[in-house]
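Accompanying notes for the structure given below.
For clarity, chains are labelled A, B, C, D, E and F in written order, and residue numbers in each chain start from 1.
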Amino acid sequence: MRVFDMNQRVVKISIVKIGCIGCSPLLEYLLDERADRKDIDVRVFGSGSKLDEERAVDIAKRALEFEPDLVIISTPNAALPGPTKARELIASKGIPTIVIADAPTKKVADKLKEEGFGYIIVEADSMLGARREFLDPVEMAVYNSDLIKVLAVTGAFNIIYEAVDKAIEAIKKGEKPELPTIIVNRKAAAKAAKFNNPYAKAKAMAAFEMSKRVADLTTKACFVLKDWEEYTTLCAAAHELMRHAARLADEAREIEKYGDYLIRRPHYKDGTIMIKSKLIEKPVKMEEVKSEHESK
Amino acid sequence: MRVFDMNQRVVKISIVKIGCIGCSPLLEYLLDERADRKDIDVRVFGSGSKLDEERAVDIAKRALEFEPDLVIISTPNAALPGPTKARELIASKGIPTIVIADAPTKKVADKLKEEGFGYIIVEADSMLGARREFLDPVEMAVYNSDLIKVLAVTGAFNIIYEAVDKAIEAIKKGEKPELPTIIVNRKAAAKAAKFNNPYAKAKAMAAFEMSKRVADLTTKACFVLKDWEEYTTLCAAAHELMRHAARLADEAREIEKYGDYLIRRPHYKDGTIMIKSKLIEKPVKMEEVKSEHESK
Amino acid sequence: MRVFDMNQRVVKISIVKIGCIGCSPLLEYLLDERADRKDIDVRVFGSGSKLDEERAVDIAKRALEFEPDLVIISTPNAALPGPTKARELIASKGIPTIVIADAPTKKVADKLKEEGFGYIIVEADSMLGARREFLDPVEMAVYNSDLIKVLAVTGAFNIIYEAVDKAIEAIKKGEKPELPTIIVNRKAAAKAAKFNNPYAKAKAMAAFEMSKRVADLTTKACFVLKDWEEYTTLCAAAHELMRHAARLADEAREIEKYGDYLIRRPHYKDGTIMIKSKLIEKPVKMEEVKSEHESK
Amino acid sequence: MRVFDMNQRVVKISIVKIGCIGCSPLLEYLLDERADRKDIDVRVFGSGSKLDEERAVDIAKRALEFEPDLVIISTPNAALPGPTKARELIASKGIPTIVIADAPTKKVADKLKEEGFGYIIVEADSMLGARREFLDPVEMAVYNSDLIKVLAVTGAFNIIYEAVDKAIEAIKKGEKPELPTIIVNRKAAAKAAKFNNPYAKAKAMAAFEMSKRVADLTTKACFVLKDWEEYTTLCAAAHELMRHAARLADEAREIEKYGDYLIRRPHYKDGTIMIKSKLIEKPVKMEEVKSEHESK
Amino acid sequence: MRVFDMNQRVVKISIVKIGCIGCSPLLEYLLDERADRKDIDVRVFGSGSKLDEERAVDIAKRALEFEPDLVIISTPNAALPGPTKARELIASKGIPTIVIADAPTKKVADKLKEEGFGYIIVEADSMLGARREFLDPVEMAVYNSDLIKVLAVTGAFNIIYEAVDKAIEAIKKGEKPELPTIIVNRKAAAKAAKFNNPYAKAKAMAAFEMSKRVADLTTKACFVLKDWEEYTTLCAAAHELMRHAARLADEAREIEKYGDYLIRRPHYKDGTIMIKSKLIEKPVKMEEVKSEHESK
Amino acid sequence: MRVFDMNQRVVKISIVKIGCIGCSPLLEYLLDERADRKDIDVRVFGSGSKLDEERAVDIAKRALEFEPDLVIISTPNAALPGPTKARELIASKGIPTIVIADAPTKKVADKLKEEGFGYIIVEADSMLGARREFLDPVEMAVYNSDLIKVLAVTGAFNIIYEAVDKAIEAIKKGEKPELPTIIVNRKAAAKAAKFNNPYAKAKAMAAFEMSKRVADLTTKACFVLKDWEEYTTLCAAAHELMRHAARLADEAREIEKYGDYLIRRPHYKDGTIMIKSKLIEKPVKMEEVKSEHESK
């Protein structure tokens, strides 16, 4: 294992959280899960649950004050005025910016790309059932717990941190990072999760699909239906759907444990990603695994 | 229902996240779960997963720049230098500050109180198994998913947002808030969760206990054991324990659904907390429920 | 209870099964679940799994030979040539005909109505993953087992037998039956299932949604994807989705048992539908329950 | 793979369903699960839930009108007058006939054999709890869903379609088919299911046993007990037993998925049975597998 | 509540355990579950797992040395020489004796009664799969764990301790006890368990039936089959059946918890049985409940 | 396999059960699970649920009358007067004695060792919630069922019977046995259980931990809390914790079945321990397995 270079450049990252999607709450921790990474310095700036223009711009400004090398914006529906203004402000400073967002963002994906933004749009990251008759803080937390389980197990989080790490790596080398433009769908996610058992993969894909379909229900419940009894029931149905998506994701993960081939890909302290499969084995750097394969 | 006063004071809140505990990721959303609350303005400042002095102080400074009426600091082990310096800095400005932290913070609880801080110390908010052989970003997310489920269902989150809301309410009235000094143990949490079914309550208490005991294992795995095979297995055992705590919490919540008496306490847009019990019924303001009881 | 009239007219029903949908296998038994009904005489004519024109017409002819008062055709995609020819043949004899079909039939629903057919289109009745690399007879049976559970619990079967019973009742009275034109969606099904517990209803609606979404995956797997590894995995994902829909439906039904208010609506031997709620109570005729309500 | 002979003889099969057993609803689909088989032409004739002599003979006559090469009769208790008359009529035409029936048929098994009938008697195919206080159409469907799951997973369906296929194959060759005379008990079923994991096999056998024992309860509830509260409770117990048999069967099947060695045996379009074990692998014809083994 | 009479007679009880059935391991604790009962003095004498004549007689002699007022013998198959000799020895001393045994004892039930023995024969108390290729100490313990769960929840233990308590009560009053002659079947057990929810009762009856059927498999595996692969698999199937019986019993008990009407009947320190239904309520003496009912 | 020596010495064992711990109910059967062992002769002497001095000494005296070569005492808290007097009496006769006890015994562990006793102290063997408002005979049995499952699966019982067998073996050789002095903690138990899958091991360790923590709750509920509503709820929480520990243990065991590498270690009739891994394979003597390994 090569010696860790203490003099390597530290990449400064501002994470801007506008409102909340399932990818937001743990975003900064995905990059440095054990707080031992030496190559990045992270600051988070959030507007709470609101995503109006004023607040979005305000935290974008604060994020810029950190003089970041890279900005990550996580937001629902990046086409809304708040997120749009925020990222335009950051773009005006020429800082590489990756937008992490949910499915409604797909309609501006091409525009984002044209404007030089990276994006990771996660189809399964559905909005919750935001009706006062249904959603209280505890229900919100329960929902996010389930959604996080789905996103983690089905591979969405793998795509996020690997894409961000790639950009970080480029910046560390002094290069201009090639930013990701990824739609995280069922297939992409499952591939990234690297399941060994094909039924685990199929279950994870089903869980992803379920999670994605939650938005069909919540969108209707929040924006279409007027009858409060009807939308309350539909909100409840949506959250039950997410609860079972989480269960199915859990089932997929258990299969991998049962066969003792659950892939783990921790960060090394220099930021490179390692990999291991059996629980009782040491991780090795992924690049070494690859070069080993290539040399065969 | 009284008319909403658009002229009421908006309370500015800075949330400072130093490192990560289970109470951190959704903290800001607990205060305004549907983004429709008019009486608060929230900004979040985070240091990512690291909690060293330099970063802690840096985000504390940024938090002060927002000129908040109230600061909430969430951190593991508030006795460490980073969190300590951060809160001292904020205290020096005379801003009411509530520290949300995990069990190791109990040893400085009295000191915090003396120094005028509020605190909410959540016993069940156990650290994860932070060993490179075990913990990768996905495992971290899975763990937090389970932990959040436990904290949400067993009542810990109820205590947090009700205590913070109380402080907000005081500030809105121009009063100096009486800050909470709460150890969230099994009993306090279960009481706050307001279970109707006594077996649901018992199950939730068992889940809380399990979650709390995770720290016994992870502390040993992370700080005591040297043999990597041993600590890797113990990390895995700890996360299995949390996984089952989440299941048991879920079981408790299901009981309340089965009887259709799951309590929901959403925020009204003026920040007051409402309450309801049957799924198909409208929430009413808790203060009205209370005064109704009193007038009897 | 009024005396059973042995002289009442016996309605002759031909059930024509062209290919297979989830509503087909138990269709005749839904009408007379304990084989003690005196008012109908049923014959079933099936073409096996194939639904080509020749076979469809052949069984339609055989069905007519029974000289039925009512014909029920169950088929996937009623717009296909086979089912179309079959029902045109029957229609040419002027016999009231109800088509029971799956979602793709929606595109000809208006046409069916115009031509005088009744229809019951069940959105959740999704096709299976019919790829040779995946589907063998056992997998087919397992899938149908799950699908039947979903259709039974979520209310789809209630709609079917109540609609058919209504037509039978009219014929018994010598009237021309008003044929049903029903799209069985999430909401209609849940209403028909008459859940007492609102969470049971929400779970059933989520199960219905899951079952409906299976077709998104199987359609893609069977008709769009060319890569066999890819479509095999997607077929597997689709069946896992159905398996969990069945589980969720089962969960909904269990809630009703836990509260001892699971509605049962057995046929009386004269064909009228009875109703009961507690397990240990006698069913009464629904019409009596209604008139009791009205007289209040 | 040998070229498919388009000129091969197409075997005409009449399936006669008298009343309902668990093997009936999907019988025709077991023979051609993806509707792509070229070597058979199937017609189904059913009497609904009733199995009296008049109706049984009526559908037998209709079945003969198709001029079948092979007749399959599925019926509860083949010793009853209806099924008996029906098969005697068919036998009088000299057409090879296989009776598929439930355990009570065992008492006439020898007689069936003597008279030249084939039979497949499935011990686990228990009757449901046919009491008006308990059984409505939905409960009937739920029960059949569970029963089908058990029969599919434990191997009963494998025995059925392999035995029928064997008869078809003989007829295709112009030979007189040797008809099956099989009692499908726990052991025979488990062998046919070809489990790889011995615990999966043991669980499937336990599920088969549970399913078989349901009849002990339902027979008592339907024909012995007079007290309605008592027989209603016993019907409910019987269906709970079947529900758990289905769960245990599901558990057995999951084990095979967890190890990725679930055997699948789809039909090829020429009617031969193929086999595969890993999800992501192509099926091969069973005869080829066998000859490969033999040549070693 | 009447004052406890410290001078009341203490009944001396010898419990003789010959070999092992599911009723044996916890038998003495069923009589005094919290060790606070003042009216009995218990000694246990066991022969380990063996039940030959020599050992059975030996422990019977030791049991007599305690000069008991009442003897309880628990044994498999009380018709075997060991148990027979043991009880004859005790009977020769004229001490009231209750035999607790499993289903094979039914064949000598009448004889037992004639000879003045009481008996409680528990149909669900099935023998385990005692084959060396399958049964090791851990599997034995796992099986007994499941069996105990079934016997406890389905009502068998209620019958045992209530019957023994009745005999004790008689002896305390100086009367000759009327000894129980009970076959604990599905119905008797379910009645004794006093379920509130009828589905819980049905599930418990199904669990009882499953547990009873285990003996069909183990008897065949232990005494009939010669092929070791076959009997090993059948032993495994039998234990899976018991495992699921325990699960179903657990499900029944959970229903009662979900409704908060799980009946508890603890002993008071004077040996009388109390009763309560809601978790948070004080138990009252059953006799008081009854007299209250009578006085109405 | 060497010939069984019928002339070998038979070791006489008295098992003294004072009160009840989870290790007690099946203790004698752990030594001879199929009643076919020729080298030991066991007698059990129990005091029922009480463990006062008088009764403890009484059964110790009876145990000595058997003239045992080895005495095993199982008891809660061996430091109490009853168990202490009992073992002192036995020790005064110079008979090798092994104490099996629960965690509170740890405080006298050194003393026991000094005085020449062997001990096996099982940390997970927690006391139950012995409050009259909660604990009735059925709840007691349900708890023990769960506790036995945990102790069996996690490895505690393996340690017990292997340690006792070792002492027996020494006595058979005419040697003075070296008595065990073992604290059965999480790690020791998991090692003894010999899990093949590391996640199964981790789950078992988590289950052990849960079971151990039950005592924290029950001790508080039984000896500290005075408010009856509070201690009743805490008793219920403790038993829920044990119920889930049993579930998690079951999950661990299932993993081993799913991989078909569940270790079984039955006794041979000469008392030696055999071992096997696949369900369908013959066990071999462990010593042979070891010598085979050594010779490699």
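As a working rule, a contact is a pair of C-beta atoms (placed from the backbone, for glycine too) under 8 Å apart; a residue touches a chain by one contact, two chains touch by 3 or more.
Source: prediction; values computed, not measured.
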> Which neighbours do chain A and chain C have in common?
Replying inline: B, D
> Hey, which chain ends up farthest from chain B, C-alpha centres compared?
Replying inline: D
>> I want to confirm something about chain C and chain E. Since they are copies of the same sequence, is their interface symmetric in residue numbering (over half shared, so same) or not (under half, so different)?
In response: different
>> Which of these, A-C, C-D or A-D, gives back the A-F interface, meaning over half of its contact pairs coincide by residue number?
In response: A-D
> Considering B-E alongside E-F, which chain pair is linked by more C-beta pairs in contact?
Replying inline: E-F
>> Using Cα averages as centroids, what's the distance between chain B and chain D in whole Å?
In response: 57
>> For chain A versus chain B, what separation do you get between their C-alpha means, in angstrom?
In response: 23
>> How many angstrom lie between the centres of chain D and chain F, each centre taken as the mean Cα position?
In response: 49
>> Centroid of chain D to centroid of chain E, CA atoms only: how many Å?
In response: 42
> In chain F, which residues are in touch with two or more of the other chains?
Replying inline: 198-199, 202, 233, 236, 258-259, 279-280
> Between which chains does touch occur?
Replying inline: A-B, A-C, A-D, A-F, B-C, B-E, B-F, C-D, C-E, D-E, D-F, E-F
>> Give the list of chain E residues in touch with chain B in this complex.
In response: 257-260, 262, 278-280
>> List the residues on chain D that touch chain F in their complex, please.
In response: 197-199, 202, 255, 258-259
> How about chain E: which of its residues touch chain D in the complex?
Replying inline: 186-187, 190, 198-199, 201-203, 205-206, 209-210, 213, 216-217, 230, 233-234, 236-241, 244, 247-248
> What does chain E use to touch chain F in their complex?
Replying inline: 15, 17, 19-20, 25-26, 28-36, 40-51, 55, 58-59, 62, 65, 130-142, 144-146, 148-149, 151-153, 157-158, 161, 228-229, 232-233, 236, 243, 246, 250, 253, 264-268, 274, 276, 279-283
